[in-house]
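Next, two complexes with subunit A in common: one pairs it with subunit B, the other with subunit C.
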Partner chain A sequence: MKLRVNRRTFLGSMVSAAASLFVGQTAENASAHDFTGYESSKGVLVDLSRCVGCRSCEAACNKEQGLPEPEIGFDDLSIFKQTGPDGKRRPDDKAYTVVNAYDPPLLDHPLFRKIQCNHCLEPACLTACFVNAYTKTPEGAVVYNADVCVGCRTCMIACPFSIPAFRYSSAFHPRIMKCIFCYDSRLSKNLPPACVEACPMEALTFGDRKTLLRIARNRLREHPGRYVQHIYGEFEAGGTSWLYLSPVPFADAGFDMHVPNQPIINYVKDFLAVVPMVLTIWPGLFAGFYLLSRRSGKAAIQPPQPEDSSDENTGR
Partner chain B sequence: MARKWISSIVVISAGGKVDTTIHATCKQKWGPFMKQVNTTFPLSCLILLLCLILPASAAAGMDREEAPDEVFLNSFSDVAVAFDHQLHVSYAACVECHHHTTGDTPSDPVCNSCHRSGGEADSVACRDCHARDRFGHDYLSKLNTTTRYHIDIPGLKGAYHLSCMRCHEAIGTGPTACGDCHPARKIQGPVRK
Partner chain C sequence: MKILVDEQLGLPIIRNEKAPQTAWKLREKLLLGLSPSDYRRALINNPVNWFLALVLLVGLPLLAQRYLFGLQAITHGSQDYPWGIILGFGLFGMVPLSASGFLLSTAVEIFDRKDFQPIERLALLNGLLGYFFAVVFLLVDLGMPWRLAYPMFVSFGPAAVLFLVAWHVATYLSVQIAEMLPSFSEWADTPAIKKFIKKIALGLTIAGIILSTLHQGALGALFCYAPAKIHPLWISPEFQWIHFFCSSIFAGLCMVIVVSSLIRRFMTWRCDRNFLDNLDEITIGLARGASYGLITYFIIKIVAIAHDQEWLYLVSGWGLYYLLEIVLAVLLPLFLFSYGVRHRIMGFLRWGSVIAVLGIVWNRLNTVLITYNWQHQQEIPHWKEVWVVITLLSIYFITYRFILYRLPVVFTWKQE
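And now, the complex of A and B:
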């Protein structure tokens, strides 16, 4: 028997397919809502009160990741006077991490802050990428696969910390450049990233994220005068693998205090749920419309006429 | 355990004190108690004496005079950093750098809750507590236990830098730039100035 699909059953099945997609998505989100990271997730605790701005971490990162030689050497501290487009230097395709100097009113010396990917527990870059170029590994690293990347740069816009950078030098091999927590060479072997090992002040402490939170709380309790009572990254953006302690209000050290505590995906999940529907259903849906219009043309039944294309069909 | 021991000593020595001060005036009111105290009087006296003597000797800690004049910090490089120990002994208390290991009462009240009267440690050298191999398996597994309080001991390099630079910055004197201590270092900084 030949299966006959008429317009009503076809559209009906489309609607139910779309509905089930929405329902599936919602159920998944509900279960993912309380995700607090992988059990064994590693992290780094950055103690800004310890950092002296020596840039050893920048130099170590450059070497480990095989990045190009910088124009201004790592021992040249005039770099702190340099400004980027938004006032301070930012990680880019030639440097996965940069150290910036700030002048908080509460301190009589500059405050230095290292910037790199925070390796979010629920990364916005990952959820925004529609070819799944990003992976959050059980060790906590957010890594990127250049082989599948199509260079759309949605991740750059999605990241609440503006971390992913685009390498413009090659038009045919799109490539996002960002800190990968030294995943290939170190983290996957349970070794600390190169920057942590290089830091002479132990401003960077590597360990299980859970242990780092205990350490951070200990520091806040034992030296209440040394820090503001906040661990940046414990909840920001749904929690990040890199955590920060600061002697001054975080806003004075250039931190974005408007990053919400909800993972970014919670704000865009309704939209994102539509994306697979658009990608998977629309081609079929419109192919179906097309086939129906042809079949109904043969059967001398008037096809459904979209309002804005009525004049094209007037000849029938 | 240590805390129990301390509190029991305090109780016993208090008993001894009661006896000596209120003996004549409140004998009736304290009668039953006195009897009890009196039976333990010689013993409590002895313990009181010990209590007074022991912490006194412990509080004296190590002998400053025996401290080394100069220490060469060479765990990380053949180019040792020469540390004028005698200079520092002349104006800083041992506990400022050695925490509780010299047997003195630590200056940090946080340490005091446990290490007030811990006695001298087997070693006072930085490297015997702060691991040179900060990321070695042994050190990490030692720190990363749920029952341990000290999970945040910096490695040797971190301990040196934190200890020296925090103090030099706080008192506004002493070397803070890399090249001041490491002549071979390329970065000559005025770091954080």
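And now, the complex of A and C:
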């Protein structure tokens, strides 16, 4: 028995040495995701208590990004009655941002909420994409490169806010459609995105994420009655560049409260850690099994003898 | 049900010797020794082919529609359900059912279980075709199928789970092609290929084990990207990859039982004695293996619930659905296998395998589609999408049958 174990371990260590070439790389990749965002990351603070549901931001976004003309105009407020498959509208391949109306029990008037990509600090979409189509820029935007995207739609599965949308209607130019923080035209020039500029109520504030967090805390402190004491996006999904304040519990404003506080990639790390182990241990282990089962003289099991397949049963 | 060729019509080709004064190759090797008109007649006389033709008649235009007008033309194009039944069935369902190749080659090549040898090639073929068609399903579902090779050559996201899947499936597909080459080389009369593959068989097998462990697990780990979207009973970030890997073990074994039973029943003329006479013993062996897989799977499912403290979910509606899945798809086949193995009731083993195979597909669909977005509205696939799935399955069936009729998989090629 002792001999067997020795032989196996010996073989194992030999093969694992060879395999470590592979593994070094894998381990590095897994750890490359201990990343907590850029220092200078910009963001937007959305104050739901100030939003009046005028949809100026939707219109501005549509224009800035050259998106198709909507069926229902931006000044038509009947849109708030419109329901998608999930009851409420969501950003899709024709709109990077939508404003929805909610009727929280604590208010006697509707509450409006703007939805768009939250530009996570550790974006799930980015970490799930197998061709690296997403980039988190130092300014904080999460941008997408349609030239390498394969259209597997894992990013849509991974995004905890269900933001990326796919242009299913095109056979030859399908792509992911999602808010890019107006990166090309504005953010990269240190300008606020079009929606922020268009908001007449100053419900959207653009700035350094750190500054925005301070502003948000100030508002919570100065008007404790006006807000629930929570900044949505401070920790959700590992932290997002877009932050929200709300006068009612966030769940009543349609926020998904199941979004975990850690980045989505953390849920996958367990598996990523297994990869190098399998790569190192398996070859030695099974080569060992191979040797063991050949040397132990298993005469008990008689191979079935087909008439002429002589070379099939010679073993190796 | 009728078989394609009646025994008296033609001679199944099982050796490379050529009868004097006959045209070789086409007639003998492709037409099963029939003349073209006899072959056509045999095709037409088979009702199964009529059914397949009907499926394809509707399905092929649907496929054309998809490639000309986009996925929207055949699916609901849901933004909330990015993965529909095409991937749910075609990738997540087909891949575990195709674990057979690596399982049987491990048993035969590594553990020296010569008693499984008569079925090794069938298991390899089942694996190869399953993976190949998983890629075909993928090509239908991907937005830009022409970029399938991008993760290999153009742009890399090496920390993404899907990157592992892509690489491993691609490599494993080549490993499986290599493992099938011996049958091909016998049929095509090119013995050099076979000799070469024999030399590297051990390496291929071990590569197969590694790649299979990783990508079967990786398919599970893909769902760890959506920890808050899938019902907690179906997603357990720490255990998901083990669940998927472990269930692929019995799924692959059961698939071999199902396929071999069908072959014995409907393709007896093509099998040789070595296959037919050993099949019962082999089935018992496979079922025994599958029941170990099932019991392990059952235990780790329970462990996951305990670990994630999810007992309370079990008393909800979803919980009952979950228990239904466990009872029908895991415990029922487990019972049939243990009882059937002890008392040698082959019917129990065969039907148990059918149930386990369907159960795995059900489990994967539950994860991808049914409990995905469980707090929101359900997606019910478009009929065209379902039809496309059936179409691709039919093409899979036709290819499978085509190869079984010709290559020495369930019979031994006579050596000169």
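Note that the second predicted complex is superposed on the first by the 235 of 316 C-alpha atoms of A that agree within 3 Å, B and C clash if a C-alpha of one lies under 4 Å from a C-alpha of the other, contacts with A are read in each partner's own complex, and residues count from 1 in each chain.
Operating definition for what follows: a residue touches a chain if its C-beta (ideal position, glycine included) is under 8 Å from a C-beta of that chain, and two chains touch if they have at least 3 such contacts.
Quick caveat: nothing in here was measured; it's all calculated off a predicted structure.
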Inset, instruction - Report for A:M201: first if it touches subunit B alone, second if subunit C alone, otherwise both or neither. - result: first
Inset, instruction - Figure out whether A:G53 sits in contact with subunit B (first) or subunit C (second), or with both, or with neither. - result: first
Inset, instruction - Examine A:V259 and indicate which partner it touches, taking first as subunit B and second as subunit C; both and neither are also allowed. - result: second
Inset, instruction - For A:P192, decide between first (touching subunit B), second (touching subunit C), both and neither. - result: first
Legend entry - Larger contact residue set on subunit A - subunit B or subunit C: C
Inset, instruction - Show which residues of subunit A lie in contact with subunit C when the two form their complex. - result: 25-26, 29-30, 32-33, 85-87, 90, 92-93, 124, 127-133, 148-154, 156-158, 160, 162, 165-171, 174-175, 256, 258-260, 264-265, 267-268, 270-272, 274-275, 278-279, 282-283, 286-287, 289-290, 293-294, 298, 301, 303-304, 306-313, 315-316
Inset, instruction - Name, in rising order, each residue of subunit B that touches subunit A in their complex. - result: 110, 134-135, 140, 144, 151-152, 154-155, 157-158, 161-162, 165, 169, 178, 186-193
Legend entry - In the complex, subunit A residues that touch subunit B: 50, 52-56, 74-75, 77, 109-110, 112, 191-192, 197, 199-202, 205-208, 211, 214-215, 218-219, 222
Inset, instruction - Please name which positions on subunit C make contact with subunit A in the complex. - result: 66-73, 75, 77-80, 82-83, 106, 109-115, 117-118, 142-145, 147-148, 150-151, 154-166, 198, 201-202, 205-206, 209-210, 213-214, 217-218, 220-229, 237-238, 240-241, 272-274, 277-278, 375-377, 379, 412-415
